[in-house]
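So that you can tell them apart, the chains are marked A, B, C and D in the order they are listed, and the count of residues begins at 1 in each.
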């Protein structure tokens, strides 16, 4: 489960970490994700979800990915139903508390068709952090005594602290094969900004073997160098940069657009009525039939987009 | 050496962490540092050194502090020579490479009058980080096989990783009694910005039992709330806020002033010629005789200040 | 339960929960009623209350009528003092900066253990619930207030699965498991205020809401619940209800 | 050592060090000659070279004539791609993102171990040196280039104290100590380019600088140093020297 250190180092050494342009299309970036990969998603719940990359992976027919994320929302339904993933690792999985429990998640997990591997929220973060730091584990005082810890079993280790004699839990490092992260701005080398909520994205980027960034827009390296303390992800961890406006729609991207609520209400209604038919129809209509990302956005609708953008920008109104 | 978890929690619970005004004078803040305390200094080498608080502690006659910092420059000489500290914990201690080895450091350590406890640079950071995270240690792959590790002895622990079988070193958490941090801007509650280089300051603030901020200026809480992703130190870790313009002089504060190089050259020359007399004269002249911080700055000189400020602001000229 | 009451059950939960939060506390709040109750307390008697959200938000001031769909969207960050990564905001719990964790519950047992993962068997569950989110970390690392509907199927002798630990098997078993701090402080339901025996760590009734009888609580609890000098709470005041309704005018969380 | 040379010893160190850095590498550089040599390489043959400074700087472009007094002042951040906390920039070494660590040395031994802590006995040193700084971490976690003056008192059989580990006692002892990666790659002096035997891990002469003899190197080395088909380096070119002098016009690091 934990990558041996020499393997981690060899893989990292083998990467091209030079300052080089790496802008490509969604389709080209999707080809850097392979069947069976362990894929970490950036963002959390309905924020900065890498929807555009997931859209491309579903269209490319990628399969058997193990997908990890801090908290999983509607994208989890789509990953299960499309066959892209049968195994999701997260701390919470449903559309969102106001929409109730995801019937799609329930259908796939209760039937045994797919696995929902549960860790505590902080444990997910500390596993990425250990991976980002190049250590095999992170000690913690959480998850002890719970069923969550029991189900995980030997994947974690109990420890008596050699300094204090206290009970600790050691969480295994997670170094994903690929991280998919959506950001508001990045340069062509992959230096990226994050506005507002950062979630676990910095640790994911540092931990992963490959990083694919989708970005609302590409800015110049001169812009990056003017405010180097705003760079949150350094270029040498990044392997692909894809410019995708509204790349998290119908989820949100901080300061640019909030969730497309009517669209999400309709999705919840359709999948609550009939989980399988609801999600299948949704995948056909929004993921398989559009020819381009612009076509996909057209289906979401101009009116919803304008409203989501108005609400999104309003965070800076005060 | 490592604080037991229940003690750490009890101490933290006992702190007043409410949103409250905590602006005070240098002298009042100095009274929050007690003889014998373990004191962590923010900044690194000649950057954002909390000179004004050190000035106040020397004037208050504080003694027997154990002082830790990432890298120690001229302030280490002054702490030794004033009797404030006989024990400095750091990775590097001298004025700076262009000025050669500190003769004051050599005098005090080689005579056995004071202790210079050496850890690797990353180890210093990871010890604070463990303290900030509320865990008793942080695993690392550095310091192994070195004399530095040997001298430290039982304060660190060797470990075989239960996941990978690899050799690791466990570094003990460091939770200082007090952290002294100089920042460019803070509000009256202690929410603080850091520009440019952050050094180990965030971890120090999170790890310490008390935090004293000196700040170039106090801004409103409204300003803080307008850009919450620029807040680097949260108010509830902070116990005192002191407004001290040029609070790091003759060292630098990012974007505001660079080091006062002629002053530092003169200091190096005087202490190289005669370490004890040089530093004693310096303490008398700059630390004991001035009546106020403004008097101290006057002694540094208007010309030097203007030049340091011109150079400091030039980082934003491009 | 009461006659002629001018508030919903969720409004009662929000008001009663808000009352047990103190000014100056640092409260780690989940979405829904906890977020609402903490915000209500901030507006009423605790202006210096600091709210933390697991999305990475420290000290926000949520805007009335714009409640976030989870604690991870930008609405949570309104007028915040600081934003930080998820892992770091959760580590504040481990470090000890948080006074109270505050969340909703799906199923709770006699010792305050919470289940939000599986109804039925883990390997073959009747219902797969959404999971822990921050719940396990919060309840492992700080003192807890839980707010939930008082129903027999939710208040059980032993939860099917411990997602978020309360006092585990009671007595010292929580500390023995490696959780020396925190534990269940209060459970706020639409019927009563509940606490825990300091020795056995069993849940007990501390106060009944207006018009509720002890028998009603017993009838709606799936285990033999004790009581300890039961008092009666003051009904929600007009001021509490009016502020609450300004915060959630569409009754997203208080329907 | 050579006749009529038009460069100082420090300039020779900077030029010879710059030459062994490749375009596209990520180089963790110390202050002084390493910073200067990495910047020189960036200006000459390696525009895509990424420099890291332990102050927390990723990918800067140091301004000519404004060399920083250490790697922790704002001058180091000029046109940087990113700034980050010290601990995190050092962790890049542990994670494996760095190709080469590059620093000066005070004392080195046959197996490439560096001492910058104590001359004489640890408990009663003749000279207390400034200490490791980032040196121990850099040399523990990545491949190293060290640049220093070639003097007998600096090149010793065994250092008084291992501040920054090279190959420890040679052979597999470095890996056996828990350092499976990195190790000494090159030592650049004002007399020669030195490497290490892949088996025994002993230092050996690989190339002599113009006008230097093998005997000169032996005379200035405090242990019996081996050689392996010694070549001669090309003297610094006018272009190398002129670019270098633009970078350090006041000869702060190249006097």
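The definition used in the following text is that contacts are C-beta pairs under 8 Å (C-beta built on N, C-alpha and C of every residue); 3 or more make two chains touch, one makes a residue touch a chain.
Only a predicted model underlies this, so the values are computations on that prediction, with no experimental measurement involved.
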| item | value |
| --- | --- |
| Shared chain contacts [chain B and chain C, defined touch] | A |
| Centre-to-centre distance between chain D and chain C (centres being mean Cα positions), rounded to whole Å | 58 |
| Inter-chain centre distance, chain B versus chain D - centres from mean C-alpha coordinates, in Å | 29 |
| For chain A paired with chain B, centre-to-centre distance based on mean C-alpha positions, whole Å | 38 |
| Set of chain A residues in contact with two or more other chains | 5, 134-135, 140-141, 166, 168, 196, 198, 228-229, 318 |
| In chain C, residues with contacts to at least two other chains | 57, 77, 79, 83-84, 91, 94, 180 |
| Overall pattern in which the protein chains touch one another (line/ring/star/complete/other) | other |
| Full enumeration of touching chain pairs | A-B, A-C, A-D, B-C, B-D |
| Contacting residues of chain A [partner chain C, same complex] | 44-47, 70-71, 90-94, 96-98, 101-102, 105-106, 109-110, 112, 116, 118, 120-123, 125-126, 128-129, 140-148, 151, 158, 166-169, 196-203, 252, 254-255, 258-259, 261, 312, 315, 318 |
| Residues of chain A touching chain D in the complex | 5-6, 8-9, 12-13, 16-20, 132-135, 189, 191, 206, 221, 224-225, 228-229, 231, 234-237 |
| In the complex with chain B, residue positions of chain C that touch it | 23-26, 48, 50, 57-59, 61, 77, 79-84, 91, 94-97, 99, 180-181 |
| Sites on chain D touched by chain B in the complex | 31-32, 54-57, 69-70, 72-79, 83-87, 90-91, 93-94, 115, 117-118, 122, 124-137, 140-141, 161-165, 168, 173-174, 177-180, 252-253 |
| Contact footprint of chain B on chain A as seen in their complex | 1-2, 4-5, 134-141, 157, 159, 161-164, 166, 168, 170, 172-173, 195-196, 198, 226, 228-229, 318 |
